[in-house]
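Quick one: the structure is below, questions incoming.
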């Protein structure tokens, strides 16, 4: 089972609305190499794990559980980027006219200016993305490649917009994807692979990415929490020097300190939540005193 | 964020392997009205919630978090049903020959006899299933309909096999789907709907379903946990008499007592986990003393 | 606009249930070359028609309107073939057990033993099937090819089962697809093509298909109704000798005489319609005296 | 069977071309909650109806038949909106250059500036959209939700463009979707549900939508025709006061008065219909004197 | 088996980058009527050919083999059109910002500014496109229609941009599609069809397409090579006068003279190939002296 | 460009028909990790290659070109396995009745008992399978993983049937996939990775697979041809000791000796090729003397 912790993985500064950046970020949410995919792939690999080498199961499970929170983080970020696209229409202007040119018109027409389980060209997420061969070495190689690809795409996203809300999440995921690259690289090291200088991918220079640099100072690129309430064998694999030669990795129990989850305002132009006076009264009758 | 709790939602008795039943159960996992769908739909509705009527957000979030554990439960059940399909082949028999006639040959050819994010005819799960209009009344009506449909399909599954492992999970989900029907029926009641005698759907007679009856005795059809570590406003809506006239509903903090998660054995005929002697030694070097 | 005529295109004799034949027939309903496809393709070609050669639009429209009734016919046939698969289970037998081995388990698990918009391997019908280039010659060539392919598949279906209900519909569609081949072959003739001996496809010998022979005696393979309440220019093209040398074609106003639409019984094992005593009383209160 | 009536459901005023509005309107045609979906869902529910409560079947069938005409209406509207996008290119301008920036380039590249069975981000319509559980209460709840969602999306479309052609169809469908919400709300009322103030969804204020207001004056939001040539039991359910407190609903035989179907001109830049002089002569030889 | 010939089918002049034109051209690569489709359809028809009329198999095989080179040509063209979109960003500009407004953001985010197996609205290529009924007449009619549709779309593309790189490939394919129309028209002629004046489709006037005219002067619209290292029976069908009355067709052994394949430069902003100094040294150690 | 070589990659012994084995083999043809996928992925990586390290491009191109022949080999094998399923029906038996229970009914209903671009559960091949990040290290890791997964699935297929035709192709591909694993493992070695004992995947014991053993004796597991008519830099990387410690790898110019391509007989029960006497005469008039 799983429980929710009422905190967001990262803090999101408010910036101007940018529906094109919101749409680009959908790739990181519902794209083939986005967070829904890592979440579901690792959950299935965890549920379907075979054999006694439980330390690998625990390792996969810890990343799987973290990824659910990344789906939350990236959805919330998309919502903040969409917020305000249409609400300040001048008096004579049609409120939803910007939707016709938006990155994804579905953000305004199907959803109420909010995140969707689709990629940046509107393809819905597909279960066919999930890879789980059951062969441990192969699943680990795939996961390493998956994290590298995810980080590659986020490094490309970084260069698409400097919107602060967008950058906060993109940078956070660049750092966490790097940590996850290490998790799977270490797991393969424990089975005998020596990566030489090939990793990480991409060879991005974080000294030119100040937001990333800031998070690295907190050592977020070398840590992995268990995201569990119980003892885990994650630390048996995830310890010692980073396979990329950038410090010491460390396994930590539980989860990191989080941040308040933003509350989205009503969007009357979208009929969301769409309660009229009568319904609002009934809803408020239930509110805590 | 979310964390894993190292327990399974229900106890699974061992019975004979039955890959046809395993395949049928895929509908409840990766089907259009299965647990992956409820999980993702409610997660998105939670992340994208608008306005101040937070009690409805908490209500949706509590069910969302429970559903992650249902994905785990149903995956584990499918794995148990597949286990043994091919392992006891007679000496002259080809070990994976049963796969050619299996409910889903992918269980043996793509996965290592384990659950997949697909439905019972092999269609991969799709992000297009997720419904989140942003309109509160509409989302609640949809969710009610979704739980009814999920329960309808499980009642049909119940009549397809009496395998004990299969029945344990199907019955558990019949009961929990009924509880979730109530959650959303109550939410709509709080906004003024009177359901009369129309619900629940289906009007299944649990007195003819002994496994269901047993769970109802534990009142599992009237309870909803918050599946959270923090105070929740779920109880402001989910209280008082059941909208279906079968007792009093109650909101509970945290999560119910769980059960040990089964460990799947190696499947050498599937090369899973596929570690040879050399790799096994390396893997074992990491095991706890 | 369109209106329903309360009659079925063909008469359906009752035979034994045969869910495998029902599944095969799904190809003719929701397959890439099935009736939903011809219906939607011709409707779109009609709605999107350009230019003044209205006789071609009328011709396309008459077939389009007929095809809606074919979707009705084939759905009803599938329903009759499914009826009885599970209802006569012996006392100790699980009522829906046959579903585990069925041609398509969704017939029992998702629908209530009834037709679905999918093909014979379970792929849902797709809008990408519809062809409408806007070029008249090209659209007519495509339509001819489409009718030939539909008829080819039906001739193959004919050889898969001799169930009487199945055969009635398959034979009816073999004859009507032949008529439609002629419709489009004549349209291309009117623009200058001479087909020689290449058509029809397939060169099936109806003297070995007694059910088909019977319908040809009624000249159904040479007639096309307008399926409209108004004058149509269909007859300007569809007249004279058959392009396949088997008689004279004729355009007729309106629609042919139809047959009573069968009424499907309740399926309590599927909870369909699933009204309990209380709901049934309310439903009956509305019945005509 | 079904026949075509040579009239369009609503009158379409001509306005400027607007391919972005045309693309947005595709959601109402081929989107998950568009007219192709309602049409096919109700047709299947009608064909697959079980049991003797024929008044519900007649009710579903009447809406199903109307929806075929809505697919015609919305396709025609998209066509009018596309018309002129490319035809008035200045002499030195490439005729189809606007296609590169269009809402959907397929409108110009795959079709000849005409409607397609896809949604507003280009996803083809899918048979997986059709819902037909066979359980009467459940199918009715789903249909109610579907009409509400369709109307919600149309109210959002209304706020995206004030193009007159676009608005005429969007407003007409807002009104008819409201009527259909009532049809299904009444059907559930007849089985005992009391909707209180929850409906309709959305709570849109038609006093700010003059085109909608105009249609309501004709009482189009309270009427349902049978769209059939035969007696129907629709009126047993659809009578008395509106479940939304806005007048008296009424069931009417047949279909409403319609309007002339516009004829689209040739589009030589699209090679549509693409007949050269020789072919045109042959085509004209068939024209009525 | 197949082998690569280290030459490109056509010469590609360099022009300005144009990502919108690149995206439009994706239809010709991964669209339903693009080169991947013709390639795979003819390969399958060749592999699955039945019966002794080997001249038809050879004819299909020769076009199939040519199409692999067309996939190469069109991919290379898309790459050249994308090249430079982002590389000349001013110092303060974000390098990948143009991606947010691009024809397909995946060109920049998923690929490294290069071609993808998708159409011009981002739908991935699907195996369901491939048509192979096994009936010779029907497969030939389909292939003729397919080539006509491909050419129709390329004629539309021609009118969308005058970029020289784009036009070179579009014109080349207009001419080769015309040759392929003839190949299949002749094959059907050999079985008795007389096409009259209906073909080719579209009736495009190449005198207004100078790039096309130039290629026709080389007689490329009347020639078909075998694209094989062995004798072929192609010439038994493909000889004599063109079915469209524009010269004599001719079958030729082998393949035409080709052109140098362009080498794409590194794209550091995309981390492609992404070798840092250390890896580059290792890679270069392998370079020929 | 590419040309066909009129030879099959491997020799195929005739055995009994087995449509279930044919269907299983579809995974190797049109599955997510089948030969169409490797073919298209490597073709795209070759077309889209960036930078000067041409030896890697040549390496990818050599495997890409080989894979086209594997698509041919596996299609031909499926065809041989299907041949005879229906042709020997007893006099009173329906000829295509076996289709109702077949592994994939489309083999008989849509195709004429021949291979299709779909996987073993009927999902059509998708362009979304193709991976081409543009980052060299990442593409090579992916390709290694892809070959391992392909070989894993073929080792599982090996254990599903001992049909000789089936086994010949499955064994051949096990050996060639192993060679391709080495190709990509060597390429990554050249960039600094040391694989230790982790590869190959799976650790299958070929001493228990006599057909595989036989091919290894010919050293087919250590050789890679250029499948090109020109000099290639493949050998700069693919030389020296196998990364799996099983001999010396070698790069060879051109392609291996092949085998005669089988000719499939007519299938009159499928109307394939479906030429009647008149058409056959015309077709034969073109046959070489």
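The letters A, B, C, D, E and F name the chains in turn, as written, and every chain counts its residues from 1.
The criterion applied here is as follows: a residue touches a chain if its C-beta (ideal position, glycine included) is under 8 Å from a C-beta of that chain, and two chains touch if they have at least 3 such contacts.
Computed from a predicted model, the values in this text were never measured in an experiment.
Engineer: Where among D-E, E-F or A-E does the C-D interface show up again, with more than half of the contact pairs the same?
Structural biologist: Repeat interface, by the over-half criterion: E-F.
Engineer: Taking each chain's centre as the mean of its C-alpha atoms, which one ends up farthest from the centre of subunit D?
Structural biologist: Here the answer is chain F, farthest from subunit D.
Engineer: Rounded to a whole Å, what is the gap between the Cα centroids of subunit B and subunit D?
Structural biologist: 37
Engineer: Go ahead and note the Å separation of the Cα centroids belonging to subunit B and subunit F.
Structural biologist: Here the centre of subunit F sits 39 Å away from the centre of subunit B.
Engineer: Can you work out the whole-Å distance between the CA centroids of subunit A and subunit B?
Structural biologist: For subunit A versus subunit B, the centre distance works out to 24 Å.
Engineer: Of all the residues in subunit B, which ones touch at least 2 other chains?
Structural biologist: Correct list: 32, 110, 121-124, 126, 128, 133, 135, 137-138, 152, 191-192, 197-198, 201-202, 270-271, 274-275, 278-279, 282.
Engineer: Could you please write down every pair of chains that are in touch?
Structural biologist: A-B, A-D, A-E, A-F, B-C, B-D, B-F, C-D, C-E, C-F, D-E, E-F
Engineer: In the complex of these two chains, what residues of subunit D are touching subunit B?
Structural biologist: It comes out as residues 32, 123, 126, 128, 133, 135, 137-138, 141-142, 144-145, 148-149, 152, 188, 191-199, 201-202.
Engineer: Give every residue of subunit E touching subunit F within the complex, in rising order.
Structural biologist: 1-9, 30, 36, 40, 43-44, 47-56, 61, 64-66, 68-69, 71-72, 75-76, 79, 110-118, 124-128, 130, 132-138, 190-192, 227-230, 233, 236-237, 254-255, 258, 263-267, 270-275, 278-279, 282-284, 286-288
Engineer: Applying the document's contact rule, which stretches of subunit C touch subunit B when the two form their complex?
Structural biologist: 94-97, 99-101, 104-106, 108-110, 121-124, 269-271, 274-276, 278-279, 282
Engineer: Considering the complex alone, what residue numbers of subunit D touch subunit A?
Structural biologist: Subunit D residues touching subunit A: 20-21, 23-24, 27, 31-33, 103, 119-123, 152-153, 155-157, 159-162, 197-198, 201-204.
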